[in-house]
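After this come two complexes, each holding chain A, first together with chain B and then together with chain C.
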Partner chain A sequence: MIDKIRRLPAYARWATYATIGVLILTLVQELGQNQTSHLTATSTAQTALKWSIPILLAGLGGLFAERAGIINIGLEGMMILGTWFGAWGAFNYGPYWGIVIGAIGGAIGGLIHAIATVGFGVDHIISGVAINILGPFAARFLSSEVFTGYQGGSVTQSPRVENVDKFTMPFLAGGYETPNFLKWLGDKEIPLLSDIGNILRGILTQTSWATIIALLLVPISAYVLWKTRFGLRVRISGEDPWAGESQGVNIYRYKFIAVMISGAFAGFGGAFISIEMSSIYQEGGTTGRGFIGLAALIFGNWRPGGILAAALLFGYPYALQFGDFDGFASHALLLVNAIALFGVVIWALRNDKRTDAAIAFVLGSLSAIWYFVSDTVPDWWVKILPYVIVIVVLIFFAQRLRMPAANGQIYRRGQT
Partner chain B sequence: MNSSMIRRIGLALAAPTAAVLFATIASSIFLVIAGSNPFTAYGDMFEYGSRLEIQVDILNRATPLYISGVAAAIGFRMNLFNIGVEGQYRLAAIVAAYVGASVSLPAFFHIALILIVAMLVGGAYAGVAGVLKVSRGVNEVISTIMLNAIAISGLIAWLVREWQAGGTVDATGANLGIGTEPIDESGLIPNINSWLELFTREIGKGKELTGVLLVAVAVGVLYHIVLNRTRFGFDLRATGINPFAARAGGVNDKRMVLGAMVLSGVVAGLVGMAEIAKLGRFNPNFVGNLGFAGIAVALLGRNHPGGIAIGALLFAFLDTASGVLQVTGSASREIVFIMQGIILLAAVIAYEVVQRYRIREEARMASTLLAGEAEE
Partner chain C sequence: MTNAIELIGITKRFPGVLANDNVNLTVKEGEIHAVCGENGAGKSTLMKILYGMQPADEGVMRLFGRELSFSSPNDAIDAGIGMVHQHFMLANQLTVLENVILGAEPTKSAGLINFDEASSHLEEVGKAYGLTVDPNDLVETLEVGERQRVEIIKVLYRGAKVLIFDEPTAVLVPQEVEELFRNMRELKANGATIIFIDHKLEEVLEIADTITVLRQGKTVATVKPQNVTATDLAELMVGSELPKPQISESSNNNTIALALEEVSVLGDDERPLVDDVSLSVNKGQIVGIAGVEGNGQHELVGAILGTQEIDSGSISLMGEDISNQSVRDRRESGLGYVPQDRQDEGLLLTAPLWENAALGHQTLRPFSNGWRQWFIDKVGSRSQTEMIREKFDVRTPNIDVSAHALSGGNQQKLIVGREMVAQPSVLVASHPTRGIDVGAQASVWQQIRDARSAGLATLLISADLDELIGLSDSIVVMFRGKIVARLNPSEINPRSLGAFMTGAALETES
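Moving on to the complex of A and B:
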């Protein structure tokens, strides 16, 4: 069956995976006697999507850099620049310009990374770490110079800024005073179908245009990287720059442009945090989401669709924290984890990977036992869940992932 | 001293000097744009930094920075990026503070226990990333970043509440607020004011020079010895320069990765000790970001024990001396953050350029030597 799914076209494959995911959530909900309806609630889906966007944008940013062979661990620093410039732009010129200016701020970070790594051949990790240190420092200095002069601003935060306009899908989610089909479906309380309806309604209701643009960047990135001449040249820079060089491609130029696009995406992600999520620039507002984006890139196997899936997966536990006052839904996640891990056991056994199967079985059992002996989980568990997922996923799949062949190597023109 | 040696030393100093000079000029431009006079600002900082009490503050700040720098450098020497010092030292500090508060021992054993617990916790937490790398091929950059987040937003946030000393009141009756139980006096590393006062006048204003400075010096000396005088250090450097050659030479690379990672974590565990000695406990205001600053300091000092010390002192001077800018109002103190960031980036680039130049020079010298031999 798995092979059959694999042979489907991309959209059908992803739809199948998503349905399986919702099916698991539904099953867990039935087991929890509907105390856990929060798992597939409309509001949860809405928040989860919102929380996924910065991670998605950071991941897509990482995609461009690493497809061009430049490891970009500086995404976090570029994202921080994006939060500052985004808020500054939004305060002075409105939210749309805020996003553009945030992206430019991130691109400046990308430019610095490109100058160091491409121009001077500095180790990518070292330059990235330096940018992660420079980013918050620069934001601090800029705030002390600029925001302290504004009403309601200080060294650590900006005044409030406006959000981007929102969009609700007509007919499906009842936008523009049309019938609300998905609400009707959700109210029917049919297992699975109503859950899917609720989730879709969350995604299609009151969606920010910034979210829609960010989601559109997924197919656009795929198209640019795999269907255009520019993308081919970016990818040859990451797979085998010397081969590209022999064909007359100016590798330096493509690496430079790709790293700046990378910074711009991360900056967009940062601006999204300031403008759409907190309506304010706050020091430390990224809370490491640039790093999570990097993890999404790896988890997504350096592909746009995979990055989107990873971003949604990481955004979901964040969203679950909100409105889950009794902690039942977070608790139910333990069972979801267990089911997923037992899935890994089956996968590992089919591929004759005994160690993997054993590790997954132990982790899955622990998760299941924890679920059955407790009624709630402490709040810190949900907070660390995205990070734990990253590590657990890498434990099983680190060897199977394929990054661009020349990723992280220092390329100097004319030297092999 | 022959001319080639002078050249070598000159080249080694060229990069950091150029970086600091570049950063000073760039920061001056920022200051002028912001409407401040750079000369007054720098003058204020140097005047302030020349006072004995402020120098004590600088040393106190440089101490954890140095230890953190060495922790990062141990990994860097073999191209192993332990980004996780941040999480390792904070986790080590809270556990050490808890254990230290739950026993009462004679001073020597009490202090030793706290230091050992901190080292064990730091080493064990870094070891997780090491095990993941050698057994499952998980990249240490990603795993240590994730472990940082797990430690800081998960484990520590939980432990602080779990080990909360309920509304403890100190001897003067002041409420201590949130945090772990206070450690007995015997567990606190004493200040070493008397040592410094052998050379200087009496230290005023109640400033205390942290005794952890001695620990930092010991860490630096041990780092130098282990790296340059032991088999492990040799293997470590060999793996860093050329992992394939090292493996061919019989180095067990998996054991090296694990060993270096754990050692890095052990040192990282000591980073928070100065703060523990000062506060006598762990609380939510515990000093942060020392892990990332340590990476910067290690990069600045090229992973060399002496270089890291200079880097730590430089950053500590900037952090501390900038405090005066708020008082005199000659510039906003955040300018030193910009300076630190630019120094770091400029130094990293300058090292790379000098390194290239040196390789080219050596190749040129070798070729002239060979040409000379051929003529004979």
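Moving on to the complex of A and C:
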């Protein structure tokens, strides 16, 4: 069956994966001990999408850099620059310009990384770490110079800024005073179908244009990287720059541009945090999402669709905490976890990987036992979940991941 | 016939080296012109200049009578020069089509690649010269010969009229070489001009219309193949007689030093990479392993060394079962190893020579001392390194320079010396003379021969068939992980060995 799904066209394949995901959530609601409709509630989907966007943007940023062969561990620092410049731009010129200026702020970080790694051949990790140190200090310095002069601003935060406009889908989600089909479907309380209705409604209701633009960047990135001349040359820079050079491609140029795009995407992600999520620049507002974006890049196997899936997966547990007053939904994630791990057991057995199957079985059983002997989970559980997912995925699927062949290597023209 | 290329008085200096010294080369249109010389004779530098990868310091280049100067490969490509690289310049994860069109992508609006136009153009080019490949295959799925075809098509796709082949036969077995030569003659018949870089003399004599010989950066002679013999060419190249791999009478003393019994190694997909291999090496014996790269030799070496887990079978060293020992234990009990890639596996390029000399022997005197040999003995290490330097003729200003400052041949001599002075009972030598010049090659051969007389058991893996046949007391051929033939080197030649390596001889026999 897995092979059949793999052969579907991209949109159908992803729709199938998403449906399987929702099916697991439905099963948990039906089988679980407690009332956990919060798992597939409209508000959960809405928040999850929002929380996923910065991770997605950081991941896509990482994609451009690493497809060009430059490891960008400085995404976090570039994102921080994005939060500051985004807020500053939004405060002075409105939220749309805020996003543009935030992206430019991130691109400045990308420029520094490009000059160091591409221009001078500095080790990518060293340069990235330097940018991660530089980012927060630059933001604080700028705040002390600029925001302290504003009403409501200080060295650690900006004044409030406006959000980008929102969009609600007509007919499906009842935008522009049209009928609300998905709400009707959700209220029917049919297993699976209503859950899908609720989730889609969450995605299509009151969606920020910034979110829509970020989501559009997924197919656009795929298109640019795999269908255009620019994309081919970026990819050769990451796969085998010497081959590209021998055919007259100016590798430096493509690496440079790709790293700046990378910074701009991370900056957009940072601006999204300031403008859309907190309506304010706050020191430390990124909370390490640049790094989670990097994890999403690996999890997503250096492909845009995979990065989106990973971002949603990482964003979901965060979103679940909001409005989960009794803690039952977070608790139910243990069962979701267990089901997913038992799925891995089946996959591993079919591929004759007995060790993997055994490990997955033990982890899945532990998760299930924890679920059945308790009623709530401590709140750190949900916080560490994204990291747990990353570790589990790396344990079982690391061999299937394929990063660009020359990723992280220092390229110098004329030296083969 | 007009002159396709004229290089007049080309000079190129690198820090401390005169790579090209007033080189002259005239290539006529529509001929196959061989440029030969030893490693380091300046062939590659000359071609890099011609292909725009490096600028010449002095000299004039003319292409079809027009004086040109290139600042990048792009200029050379535009002028109609194409290079078929020795190390394939192909990205494995990209398709054949993507690799071919790179740098000259046909586009629709907005930089969008017109893949239809590209693949039909590729097909035309392929048909015109009788070269077929599937444009949608990933390069990593192709075999060596096919990859080379892609390299050639890549150059033709860009409309090259002059093709430079940089040691194209280095990676091929004899049968594939024939195929390549057919392709080259086809290209010539279609009006292409070919520059063929090589140092294998029989090949040069077979294919070339004109031969130019370089030695130490200078042009020594331009000759016609019908007027010279291989020996003449060799003497032109080296300036003296060419050394040959050869061993004296048998020094075999019937004590088994290394024995493998039914050793199998499985890959990630559970397919055997090494399949039920049994072989033994006696003291004072050299056993050669022949095989096209990727037929399990690498894994076999790993299994002996301990870096590759074996799934069944056993390995013993001097009668002791070492199948479950760690690499460290195996090395300490007398296993020497010359890795196939000296820069990747053999040396720490940025570390000084004396540290490199300790690698693999760091837990033994004189490289370390104290409680459980925990401390590095700098004095002992340095004097040992000085000894290696003298005895093995490693040419270096001192032993504190880092390893990347040494030429390939001297790096290799350091590695061989390092293994030999430890007086191993078994030596595994993987491509011990790959990519080094004739002088260093002769010296490495001499070391292996001397050690053989002293009773060393050697397992020799090499792609150089002359070396294998010349040095080995017996040869086994690996094909798809199995040993498919055990041959006596005195009864075979490179051609017949090549037939075993590709499996061709097996099919006709069975």
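In this text, the second predicted complex is superposed on the first by the 414 of 416 C-alpha atoms of A that agree within 3 Å, B and C clash if a C-alpha of one lies under 4 Å from a C-alpha of the other, contacts with A are read in each partner's own complex, and residues count from 1 in each chain.
FYI, a residue touches a chain if its C-beta (ideal position, glycine included) is under 8 Å from a C-beta of that chain, and two chains touch if they have at least 3 such contacts.
The shown structure was predicted, so the numbers you read here are calculated from the model rather than taken from an experiment.
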Next item on the list: Check whether A:K383 is in contact with chain B, with chain C, with both or with neither, and answer first, second, both or neither.
Entry: first
Notebook entry, point to check: Does the superposition put A:A116 against chain B (first), chain C (second), both, or neither?
Noted result: first
Next item on the list: Please work out whether A:K183 is in contact with chain B alone, chain C alone, both, or neither, and reply first, second, both or neither.
Entry: neither
Check: Is it chain B or chain C that touches the larger share of residues in chain A?
Finding: B
Next item on the list: Check whether A:G244 is in contact with chain B, with chain C, with both or with neither, and answer first, second, both or neither.
Entry: second
Note to self: Contact-wise, after the overlay, does A:R160 reach chain B, chain C, both or neither (first, second, both, neither)?
What the structure shows: neither
Check: In the superposed arrangement, does A:Q399 touch chain B (first), chain C (second), both or neither?
Finding: both
Check: Can you list the residues of chain A that meet both chain B and chain C?
Finding: 399
Note to self: For the complex, give me every residue of chain A touching chain C.
What the structure shows: 227-230, 232-233, 235-236, 239-240, 242-249, 352, 399, 402, 404-405, 414, 416
Checklist line | Residue ranges of chain C in contact with chain A within the complex | finding: 53-54, 72-74, 77, 83, 85, 87, 89-94, 98-99, 101-105, 107, 110-113, 154, 158, 268, 270
Notebook entry, point to check: Which of the residues in chain A end up touching chain B in this complex?
Noted result: 73, 112, 115-116, 120-122, 125-127, 129-134, 136-138, 140-141, 143-145, 155, 287-288, 291, 294-295, 298, 378, 380-381, 383-384, 387-388, 390-391, 394-396, 398-399
Notebook entry, point to check: Given the complex with chain A, which residues does chain B contribute to the contact?
Noted result: 30, 34, 81, 83, 132, 136-139, 141-143, 145-150, 153-155, 157-158, 292-293, 295-296, 299, 332-335, 337-338, 340-342, 344-345, 348-349, 352-353, 356
